[in-house]
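Two complexes, one shared chain (chain A), two partners (chain B, chain C).
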Partner chain A sequence: MNWVPLMEFVRGPLFYFAILFFIAGMAYRLVNVLALGWKKDYVPAKHNKLGGSIVAFLKGVIVWPFIPRISQTATRNPIIYFAGGLFHLGLFVTVLLGAAHILVWKSLLGFGWPSLPLPIIDWLAAIAIISLIVLFINRISNPVLKLLTRVPDYFNLLFVFMPMVTGFFLTHRLFLSYEAMFTIHVLFVDLLLIWIPLSRISHFMFYFYSKARYGAAFAQRGARP
Partner chain B sequence: MFPDKNDTIVQVLEKRGVTRRDFLKLSVMLAGTLGLKYSSVGKVVRALETKSRVPVIWLEFQDCAGCTESITRSQNPTLTQLLLNDIALDYHETLMVAAGHQAESAKEAAMEKYKGEYVLVVEGSLPLANPGYCTVAGKAPIDELQKVAADAAAIIAVGNCATFGGLPKAKPNPTDAYGVMDVLTDYTVINLPGCPAIPEVMTNTIAYFLVEGSAPELDALNRPKMFYAQTLHDRCLRRGFYDAGLYAKSFNDEGYRKGYCLYKLGCKGPTTYNACASLKWNQGTSWPVQSGHPCLGCSQPNFWDGGGFYEGQGAILQKPGLAALGGAALAGIVVGGGLSVANSREKERAKHTLEQSPSDEEKEE
Partner chain C sequence: MVAVTSTKEEALNTYIHDIGGYVAAELEACTRCGMCAQACHFYVATEKVEYTPIWKVDLLRRAYEQRFTLSGRLKSALGGGQEVTSDDLQRWVEYDYYACTMCQRCAMVCPMGIQIGSLIHEARAGLYNADLIPADLKKALDGQLEIGSPLGVDDATFEDRLDWVSDDWEVEFPVDKQGADALLVFSSIEIMKFPDNMADIAKILDAGGVNWTLSQEGREVTNFGLYAGSDEKEEEIALRVINAAKRLGVKQVIVSECGHAYDALRFRIANLLGEKLPFEVVHITEVIGDLLARGKIQLKPDVIENKITFHDACKIQRLGGIFDPPRTALHTLAGDNFIEMTPNREEAWCCGGGGGVIAIKEADTVRRAAFGLKIDQINATGAKQVVMTCSNCRLQFADCVDHFALDWKVSGLAQIVAENMVEEE
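And now, the complex of A and B:
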């Protein structure tokens, strides 16, 4: 099969549509959440609200997730903590520091940065894939989690799993020819971009937003964020 | 102009003064380049002893004659000479002396004489928009191709233009150019892509046809598997640096001088199927990646439109500009804001009607 036309489609028009849909969808979601309510603030703040936001933000993004003993998730639900953490770590290191991905960033942004050697990326990608499988098994075996799970949540897992696993096959030349796997890989990345604003994967944006909001609320009440 | 049609190749060679020893050397070499086992040398010798010459009619359409230039610089002078002078090339628009009506009648004569036996080699793409783009001797290129193809024993498309449309097909494709296989849909066209095609790939495919009497095994894009089964990346001499993550980042940095992988300079090796890395160019001297330039992917379909030559395979082909991105964000904000305003108004209205509307008890009164 000649994969070139499909490859050009997923690298061209489909990506174009996907990125615009992604931007428009995320803007829509953010505005919707922001407009939920800004009530007038009658209570005087006990601490600096901006300071509280910054502290909560830094603790939530940089410090907290990497200290297992302090983070309550680590003791209460170690599977979520370790599998979830390794999944995010592997995914972001692969997407941001893999040589092939940096070329994509470079084509989009106009500048690149140094990459990590392939074997390191490869192991991190494998760890991320295994972590995602662990999270899936946890989701279908944990009774409480199973009760909370709806069909879109399985789609979340699928749309993240497919780019990762096709990318892994691609680097190892497994099952299909390079360009076939490459085409499928980019196709699923496009689908993921379209899916993110429609789903809870949009947490990547709201995580930072809610961290800041909670930090401000804590500071107002005089609590340590 | 033509040697005796019934002469076998050995007889033709003997007339040229080729000794038996040189003939056997040639046979071994031919078997080697065709990827045959050593035990198959006898088969090659027998084919050359029993078969008569394979006439080739070489047509050119929208091309640059680069593939012709390429085949005349084949690595193996004896084989090339054999192909050019003795086995093949009864009609070639660039290499023949004849011109005008003389050339046309030479073509007619070759077609008549070797009807059903000749190999048709096509170089260049075919314009479907207007035959005027490439009319030779008052004949439309498509008609001429179909006429010559009808009596051919095999059809070989050489170069990216004849196989996939090449440069003429690049956007905006003013001539509505197509490769041979898109035009001759009823035939099996052997595709030998490349810009130009590697000379040994061309000569060896013709030689394979001579020895085996059939086309070599082809892949999904009709390319002979013996030359196009692997990507350049699989055979690359810089592959070790790729695996170790050592890349040249510009054409003048330390990594480049140390011969590191050219992937970050846009090398298309991982998606390009060709024999450059093993056969090399200019009598086995070198090939682009060896000499320090990333692969352009010239043997892949639509390589002119496949992104910048220095951008790499993963580069996005259609990048939204700031205006499009801003427009999308604005659209999201407007729709989201509009819905929020509508929702809060709806809420207010509901609250209002709830306060205003008489209770059920009041209604009954």
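And now, the complex of A and C:
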């Protein structure tokens, strides 16, 4: 089979459509929430609220999830804590610092940056994939998660899993020809980009808001976020 | 079944009306990771999955998604989605009123920083407007609205109690004294159950040279409007204290050892009213800390010779930031005999009795189960005396010490400070 026409489609028009859909969809989600209104704060703050937000971010982005912010967080939730943390780490490093991905960023932004050596990226990608499988098993077996999980949450895992695992196969030239696997990989990336605004994977955008608000609230009350 | 339908409509309308940008963004941020369960004393004590903090606000999420999100509206239009039923509302009364003290410990472990305790308040608002609040809470709220107190402290009772406490403990209680700098407000628990606390606080303020007064109108700072989840009633009740303070022209309102009342008056009411309060709101623990720091009162060093520990209250420590003043006092009084619990400060386990839970008879079992965590923590310190700055916690401790036949002494901070002040010559 000649994969080239399909490859040109998924990395051309479909990719650009997916990116536009992603940006527009996320903007819509954000505006939808912002439009519900915000209230002025009349309560005198004990500590600096902006400082509290910054501390909350620093803890969340840099320290989390490898140092517990509150005792027993890690020991009481070891699976979600470590698998969740390693999954995010592996995903972001691969997407931002993998040589192949930097080429895509360069084509989109007009500039690139140095990449990490492939073996490191490869290991992190493998760890992220394994972590995602662990998270899936945890989700179907932990009683709390069984209660909280609904069908779209499984789709979230699937839509993230497919680009990751096809990317891994692509790197190792497994199963299919390079063109075929590349086409499938990019197709799943396109689908993921379209799926994100429709799902809870969009949590990364609301993260900045809820985390800032949490830090500010704790600082206002004189506590350490 | 008209009544049932309208009940449901009331709750949903409240959710839809009350969902502001912050509620929406926090509900959107949740990734259903479930880590909040392990931070909640009610879940940890019972392992009942429905006590997972984020599940307790699931009705709020459903209402939000149906009304405000594209996918939710689409699903509703197609007959899918999870409709909120009257049966659901009944079940959530248990999750939101019996099994949550709004202590915000879950907010601290949430990777997204979602403040579930605040969302529970919104969830309660819907149940309140649907007339589904627990009967005991309703009775307490009605008592407060009608006679000014959930525990039956009307004008005459208040005067009787003051007379009795002044006689027995030899303290004066100025009432509506013009020109006072500070208005002192008690909780009904103190007036009816811990009258010694009233005397102790009066002694401390007198010894520290504070020019203070009580007020007949604003005598009680307890706020069952907050517990019930009604912003309107919370305002109505708080306004009694606010109006009294304005009329007396005080610079400061001192909240006695009451956690949720401090939360309402210090951190909530200005935003409900939409204006800055013309006075400062402080907790008695802050006043004690200030008087000690300025040398206005002094404590006898190392008088406590048995091991003693301190319980951090959710509304005064984790959500009020008053961590150090009680610890400084206890270090002076007990030296090395003051042993910290683990975890403590922001991370402390809640006593399980706050948020109105202790006022609800049906919640007794789960409330006492949650206290099991406190028992383990305190036993680990080896202390036989535990000090706290919240009368609601103290009531929970007193009840559970009795229920579980524990040999601990439970004290308020003001009590232990008043007992051990250096007398002025």
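As a working rule, the second predicted complex is superposed on the first by the 216 of 225 C-alpha atoms of A that agree within 3 Å, B and C clash if a C-alpha of one lies under 4 Å from a C-alpha of the other, contacts with A are read in each partner's own complex, and residues count from 1 in each chain.
By definition in this document, contacts are C-beta pairs under 8 Å (C-beta built on N, C-alpha and C of every residue); 3 or more make two chains touch, one makes a residue touch a chain.
All values derive from a computational prediction rather than experimental measurement.
For the composite obtained by overlaying on chain A, chain B and chain C can both be accommodated side by side without a clash. Seen from the CA centre of chain A, chain B and chain C lie at an angle of 170° in the overlaid model, rounded to the nearest 10. With both structures placed on the common chain, the touch criterion links A:T149 to chain C but leaves chain B unconnected.
Within the superposed three-chain model, A:L20 lies in touch with chain B and out of touch with chain C [touch as defined at top]. Once the two complexes are overlaid on the shared chain, A:G215 sits against chain C while remaining clear of chain B.
Of the two partner chains placed around the shared chain by superposition, neither chain B nor chain C is touched by A:P78. Judged by the touch definition given at the top, the superposed model places A:F206 against chain C, while chain B stays out of reach.
The partner that reaches more residues of chain A, of the two candidates chain B and chain C, is C. When the two structures are aligned on the shared chain, A:N32 is found in touch with chain B and with chain C. When the two complexes are overlaid on their common chain A, residue A:P117 makes contact with chain B while staying clear of chain C.
When the two structures are aligned on their common chain, the gap between the nearest CA atoms of chain B and chain C comes to 5 Å. In the superposition on chain A, the residues of chain A contacting both chain B and chain C are 28-29, 32, 35-36. Chain A meets chain B in the complex at residues 1-2, 4-5, 8, 11-13, 15-16, 19-21, 23-32, 35-36, 99-104, 106-108, 112, 115-120, 173, 178-179, 182, 186. By the touch rule above, chain C contacts chain A in their complex via residues 19-26, 28-35, 37-39, 43, 49-50, 52, 54-55, 68-71, 105, 107-115, 118, 266-268, 270-271, 273-276, 317-323, 342-343, 345-347. Residue ranges on chain B touching chain A, taken from their complex, read 220-221, 231, 233-234, 242-247, 263-264, 266, 270-271, 300-302, 305-307, 311-320, 324-325, 327-333, 335-337, 339-341, 344. On the chain A side of its complex with chain C, the touching residues are 28-29, 32-44, 46-47, 56, 60, 64-65, 69-73, 76-77, 80-81, 84, 142-150, 153, 198, 200, 202-203, 206-207, 209-215, 217-218, 220-225.
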